[in-house]
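Take a look at these structures.
In the two complexes below, subunit A is the common chain; its partner is subunit B in one and subunit C in the other.
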Partner chain A sequence: MQGMSVIVKKVTQLIAGIIFLYGIYIIIHGHLTPGGGFAGGALIAGSFILLILAFGSDILKLKQEETGSSITENIAILMVLLIAVMGLLFGAKVFFINYLPVGTAGKLISAGVIPLYNIFIGIEVAAAILTIFLALVIFKEESTK
Partner chain B sequence: MELAISIILIFMITGAIFAIHAKDLLSAVISCGIVGYGLVICFLLLQAPDLAIVQIVVETITLVIMVAVVLSSTREEIKVKYGSNEIISTLTGVLVVVVLFYFFTLATRHLDHLGSHALRMANAYVDGAAEKTGSANLVTGVLFDFRGYDTLGETVILITAVLGVITILRIKGKN
Partner chain C sequence: MTVYILCFILFLVGLYGLITRRNLIKIVISLCIMEFSIFLMLALIGYIDSGIAPIIRPDTIGQTYVDPLPQAMVLTAIVIGLATTALLLAIAIRLYGKYGTFDIREINNLRG
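And now, the complex of A and B:
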């Protein structure tokens, strides 16, 4: 896949990290401010897509990245299910129950397991969108050869 | 506010109709973007910032993927000739829309004003959510605590979509 011009590369260098950090901020503050796992995960995937489109990439590297992102996605959804199943062991023994201490509303570390769900669903959404993008790019590269 | 939402809805419908009839596929994709960003403004007017953030990010990413990856190979539109089959299916579609519209008007006549009949459930959630879940953002509290199964279903839908995309594209790429 071909890269883009010098201007696009320079602007991408400046803003891709900021987009990535903003996605992490939205995920971690998901239980305090608007946003959450889905929005932050889409932002993180957007920063990776911006980098790949601006700088271009080799097809072998793209295939490695696709394998890595699909493995990350599966591990993240398994972690979400593991946290949900842990509710069967602690507290009221119900699937999907909030078994950690709730704390005071408004603090960064509060709301029990909700921040953990937010983090792992954010990773899962980011890896899923990136995998779809990489599959489309690899298919296009292979069909034009 | 209803007037503003009606104007945006008319704008969105115009964009969708233009997307069907555009000659170039690139302008069709861009006018699909009108629908998505109009929906963002509708969400903001209806005071739903969570949905607006998700919609604006996902709309931008899908637009970029469509323009940069999907469109560069096949730019021209495929022409379809109209025979008796297409006329019959169009008539069936119009008939289904008319019947559905009739029964929807019958059903909505017995409902209250928009949103008021759902307030019993919403009030129970809003009253208890902050103390029970400890989450300052009530949307996240409802999404991950009271409606945890919904969120699990959404993520499973996403993973199934990825599996489908990878399977279909890999088979085609090897042939």
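And now, the complex of A and C:
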């Protein structure tokens, strides 16, 4: 797919980084404010999709990107499962238990393992939405060739 | 009560688009509008007037929270809606590759 005009490219350069940072903010404040892993991951995937739509890319590069995002998604969901299984080893030996120190409520570093779950679910959702988008683009390029 | 009626009107807008449009992409958009009217209704069921976000912190204890259960259900429903939309778009792209058009009147090779 080819890119868009120079106005779209310039505006995308200006705002894509801000959207990415806002997604990271939503993810790491997931246990304090509304939002969390899914909403922040969708925002991060949106910044990548904006860049690909504005600048375009050839199909070989898109296939490499799809492989990378698919592997990232699998590793992230494996890390979530690993953190959950770690609960079987520490403390009360219950699946999905909160085994880290809880800290004071309202602080950024608190709530035990919940921020870790938020971070890995955010990576997983971002990679999954990007994989769906890239798969649809590759599908379209191949079927209309 | 008015907000539920407005949700129903939004649902009817999606239904109207679903049964009158001929373009596959517009049909998918109409389905999304129907989906999100249902999400809006479910989120409004849990809404309490002057309630705050249901996150328990030391400075918000004792205040009224909105109901978090419909919100969790709507979050699950949004994920499922994302998956179904991706599936519908994949089918639409495959049909476009086979017939060269999105018009459902032209896609009639399954007839007979």
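Simple rule for what comes next: the second predicted complex is superposed on the first by the 145 of 145 C-alpha atoms of A that agree within 3 Å, B and C clash if a C-alpha of one lies under 4 Å from a C-alpha of the other, contacts with A are read in each partner's own complex, and residues count from 1 in each chain.
Keep this in mind: a residue touches a chain if its C-beta (ideal position, glycine included) is under 8 Å from a C-beta of that chain, and two chains touch if they have at least 3 such contacts.
Because the structure is predicted, anything quoted here is derived from the model rather than measured.
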Review point. Overlaying the two complexes on subunit A, which is it for subunit B and subunit C: clash or fit?
Key: clash
**Study point:** Partner chain in contact with A:Ser5 - subunit B first, subunit C second, else both or neither
**Key:** neither
Point to revise | First, second, both or neither for A:Gly106, with subunit B first and subunit C second | key: both
Check your understanding: Counting residues of subunit A in contact, which comes out ahead: subunit B or subunit C?
Key -> B
Exercise for review: Determine, under the contact definition given at the top, whether A:Thr33 touches first (subunit B), second (subunit C), both, or neither.
Suggested key: both
Check your understanding: After superposition on the shared chain, which partner residues are touched by A:Asn98: those of subunit B (first), subunit C (second), both, or neither?
Key -> first
Practice item. Considering only the touch criterion stated at the top, classify A:Ile132 as touching first (subunit B), second (subunit C), both, or neither. Key: both
Study note, to complete from the structure: Clash check vs subunit C: of 27-35, 81-89, 99-107 or 117-125 in subunit B, the offending stretch is 27-35
Revision key, fill the gap. After superposition on chain A, the subunit A residues reached by both subunit B and subunit C are 31-34, 38, 105-106, 129, 132, 135-136, 139-140, 142-144
Study note, to complete from the structure: The residues of subunit B that touch subunit A in their complex are 49-50, 53-54, 57-58, 60-61, 64-65, 68-70, 72-73, 130-137, 139-141, 143-145, 148-149, 151-152, 154-156, 158-159, 161-162, 165-166, 169-170, 172-173
Review point. Subunit B touches which residues of subunit A in the complex?
Key: 26, 30-36, 38-39, 42-43, 45-46, 49, 53, 70, 73-74, 77, 80-81, 84, 96, 98, 102-106, 110-114, 117-118, 121, 124-125, 128-129, 131-133, 135-140, 142-144
Point to revise | Contact set on subunit A toward subunit C in their complex | key: 31-34, 38, 105-106, 129, 132, 135-136, 139-140, 142-144
Revision key, fill the gap. Contacts from subunit C onto subunit A in the complex sit at residues 53, 55-59, 75, 78-79, 82, 86, 89-90, 93-94, 96-98
